[in-house]
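The structure that follows is given in the form of C-alpha cells.
Chain naming follows the written order as A, B, C and D, and within any one chain the residues start at number 1.
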Amino acid sequence: MSDFRERVLQANLELVRAGLVLLTFGNASAADRDAGVLAIKPSGVPYDELTPASMVLVDLETGDVVEGDHRPSSDTPTHLVLYRQLDGVGGIVHTHSTYATAWAQAGRPIPCLGTTHADHFHGDVPITRGLAGDELGDSYEAATGDVIVEALRGVDPLAVPAALVASHGPFAWGADVERAVENAIALEAVAETAYRTVALEPAIERIGSGLLDRHFLRKHGPAAYYGQP
Amino acid sequence: MSDFRERVLQANLELVRAGLVLLTFGNASAADRDAGVLAIKPSGVPYDELTPASMVLVDLETGDVVEGDHRPSSDTPTHLVLYRQLDGVGGIVHTHSTYATAWAQAGRPIPCLGTTHADHFHGDVPITRGLAGDELGDSYEAATGDVIVEALRGVDPLAVPAALVASHGPFAWGADVERAVENAIALEAVAETAYRTVALEPAIERIGSGLLDRHFLRKHGPAAYYGQP
Amino acid sequence: MSDFRERVLQANLELVRAGLVLLTFGNASAADRDAGVLAIKPSGVPYDELTPASMVLVDLETGDVVEGDHRPSSDTPTHLVLYRQLDGVGGIVHTHSTYATAWAQAGRPIPCLGTTHADHFHGDVPITRGLAGDELGDSYEAATGDVIVEALRGVDPLAVPAALVASHGPFAWGADVERAVENAIALEAVAETAYRTVALEPAIERIGSGLLDRHFLRKHGPAAYYGQP
Amino acid sequence: MSDFRERVLQANLELVRAGLVLLTFGNASAADRDAGVLAIKPSGVPYDELTPASMVLVDLETGDVVEGDHRPSSDTPTHLVLYRQLDGVGGIVHTHSTYATAWAQAGRPIPCLGTTHADHFHGDVPITRGLAGDELGDSYEAATGDVIVEALRGVDPLAVPAALVASHGPFAWGADVERAVENAIALEAVAETAYRTVALEPAIERIGSGLLDRHFLRKHGPAAYYGQP
C-alpha cells in the first residue's frame, strides 16, 4: 500500500505544479479495487505538509476510514459514488481550475470545438443539472456524485473522462490516477481554448463527427497509432 | 513583538509570492489588540529590502508610530478604521490584484456565482460607494475605511471577509493575518472566475441560498466538517 | 547526425520552456536536405524522457524510418508534405498553443493588426479550409499538409512562416529549426495581442501596406537593418 | 561609464524578468546629459548574451555611435528624439508588452479608470496618430519619436511618463532608467486592468479629477507623503 499512497500523493502534488489548484482546493484519489479501498488526500491539509502516510485509505463499499490519522477529503463521498458507478475508473481528480470552473458556473457543457478536445474527450464535456432541496442536505457530496453519473448516462466514462458540476467545478478521471491527472490538465487547456474561441466567434459550431472520431481514435482503442507500441 | 513582526513580514512576502502585488503596491498588517498596536509594512520600501525590524508598530487608538524607523504604509489610516470598527478582525490585506481591481474599477460587487466563492465569502463581495468632496482631502485614507465599514453594514465581517473600494481595489481581512492573506488569494481567484463566467454568460444568476449555505457552513462555524478536527 | 539530433531535441524542449506545449502535445522537426532526412520527436514520449538518440530520422522522400528505436510523431506525414512543397524550409514546429489555436478553432486567419505581427509575418497568418470526407481517412496527416500548402498558394513561405489548420492549431516554420521555434513563439504572441485588440475594438482594420513593409523589410531581405551585420 | 552601462544592462534584463519582452523585442536606454550620450541595447542580440560592454554609447546630438562594437537598437532614433524634446527624461523603455500593445493596436488611449493608474500617470496614457506617407520612409524611427512628442503636447512628460504608438506599442520613461522600467511595469498592469474593466463595463467613465489628483499627488511633487522621507 505504500507505493499506492505515494502515487496518490504525487498525483495531488502534480495538480499544484500544473497550476490547477490554489490553497487547499482540489483532491486526487486512486482506487485499488482488489483491496476494496481508495486512497485520498486528507481534508484541508496544506499541500506542502502532505506525505504518503497522510493519504487516507477508505473502504470503497462502506466509506469507512480503514487506515490513516486524518479525516479524508470532504469530497470523499463523491469519489465513492463515482468509483461504484463508473466502470473501469481507477483514479479521480477534483479541482476548481479557472476555465473549467467558469464553464461550470455559466451552466454550460464544454463544446467540442477542435482537435485538442477530440484527442482527449470523445464529445462535449457534459454538465450536471443543479442540485436542489434535499440534495443540499447531509448527503450533499454523495448527491454530487449521483448527478455526475446522471449526466454521463449513455456515455462511456473512459471516452469522456470528465464532467462539470454546475455552479461548482470539474471532476476528471481515468483508468488510473496518473491518467486522471492528465485528463484534468487537458480539460483545463480545452476549457481555456474553447473560452477564447467563443470570444472570437460566438456562433462557432462543434467539429464534425469525422474529425472527432479521427482524433479520438488515433489515441484511444484498438486502432490507435499515437504513442509508442 | 519580534514574532509578531515576523508574521507580518511573511504575510507581506506571501502577497508577492502569490502574484497579488507588483512593485511596492499592497500591504498587510496584523493587530495585537491586547498590546493596543498594529504592525504594518513601511511605505514604498521594495519587498526584497523588508525585514522584521522594518515593520512599523502603530498605536491602534491614537494612530501614532510606537516603534520603527520608517514611515508606515500610507494606507495605515484605512487599516486603523477597520480594526476599530470590525469586530474580531486580526489581520488586514490591501492589494491591487488584477481581477478584484477590475470589478472595483467597474463599480460592481463580485456576485456569488459558485461554490469556490461560497467556500470563502457568505454572499457577494460588496463594493463601496465612490468617495467625493471632503472625503478626498487630508483624511482620504480614513474616509476609505469609513466607506468600507458603511458597505459592510449588517454583514458579519468574518463571514464576508473582503470588500472592494470603488475605482481603487480590494481589502481582505481575517481573524489573523494568515487568514487575511488566504482570503486575499481566494478573493482574486473568485474575482477571475466570476469575470470569465459573465464573459460566457452575461445574464448568469447568483447561486441559491441553499448551495451558498451548504458550502460556507461546511468550512465555517460550529457545524463545519471541512479540514481536520 | 548527432549534432543535428541535439538541435531538434533542444527545439522541442524550447517549446516547453516557452509555454507553447502541455503534456505531450506538439513537435518540432528539422530537415537535412543533403542527407535526404528529417529528424523529429518520437510520438507520445514525455518531454523529460527525450534524448538526442530518441529523435527519429525519417527519409524525406519515402517517409520510412531510417534510424531510431521509436515511432516518429504521428504528425510526421504533415511535416513531410511541407518539406517537399515549401522551398527553403529547414525546420517545422507544430503546437496547440492557446491563442493561435483559438483563432484556428474560430476558423479565422490572424489579421495583421500591428508591428509585432509585421516584424515576423508579411501579412495575415492564413487558415486552411476544413478537411472533409476522404481527407479524414488513413492519409489524414498528409492531407493536413496538403491544405496548408493550398492555403499558402501565392505566398512566399519564408515571408509568412506559419499557418493555422482549421479546428486544429498552428504550424510554424523557418529556414532552420531554431527560426521555426522563434516563429512559433512570435506567432503565439501575435495571436494573443490580436485577440485582445479585437476584444477592445471589434471593427479594427488591418495596418496599411506601408507600415507592414517598413517593419517586415527592416528585419528581412537585402535592405534589413535590424540586428547585427 | 562602466556603472552607467551596467545600469542600462540591468534595466534591459529587468524587462525580461518582469515578463514585458519576448525574444529580442524591446529596449531600454539611459541618457547622461552631461556627457552628451545615451547608452542603449544593441540591435537583435539575445538577452542572455548581453554584457555591460555590449551596451552601445550614442552621441545625443549627432546620433553617432561613440563607443561599442555593436549596432545600437534600430529604435535608437526614436530614443534620441525623446531625449531631445522631453525635459527631465533620463531613461526610456520600449516594449511590445501584451496589454499596452493591444490598446495601441486598437487605436485607443488608456483611460484613467482607477487609482493604480492615477498613482503613476496623471491622466490618460495618450496614443499617437498613425504614421503615413513620408513618415514611413528612411526616417521612420525618428518620425515615431516626433508623433510621440506631438501626442504629449501640453502634458508634463514626467507626470504622464508613457505613450502608445498607434499600431505599434508602448514607450515609457522617467527621470532615470530605473524609474522608466518601473513605469513600463506599471503601464502594463494598468493596461491589463483597464482592459478587464471595460470588458465588465463597456460604458465605464474615467475617475474624477479629485481622486486622480489625490493619488497622483500623494506619490509625486512637493506634497507627496508616499514612501520614505
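Keep this in mind: a residue touches a chain if its C-beta (ideal position, glycine included) is under 8 Å from a C-beta of that chain, and two chains touch if they have at least 3 such contacts.
None of these values were measured; they are calculated from a predicted model.
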(message) Considering only chains that satisfy the touch condition with chain A, which of them also satisfy it with chain B?
(response) none
(request) In contact with chain A and with chain D at once: which chains are those? Just list them. (result) B, C
(message) Taking only the C-alpha atoms, how many degrees of rotation bring chain B onto chain D, rounded to the nearest 5?
(response) 90
(request) Taking CA centroids for every chain, report which one is farthest away from chain C. (result) B
(request) Could you put a whole-Å number on the gap between the CA centroids of chain A and chain C? (result) 32
(message) Centroid of chain B to centroid of chain C, CA atoms only: how many Å?
(response) 46
(request) Name the residues of chain D that each touch 2 or more other chains. (result) 199
(request) Spell out all pairs of chains that touch, sorted by label. (result) A-B, A-C, B-D, C-D
(message) List the residues on chain C that touch chain A in their complex, please.
(response) 22-25, 42-45, 70-71, 74, 96, 98-99, 101-108, 130-133, 136, 140, 167-169, 195, 198-199
(request) In the complex, go through chain A and note every residue touching chain C. (result) 113-116, 182, 185-186, 189, 192-194, 196-197, 199-201, 204, 207-208, 210-211, 213-214, 218, 225-229
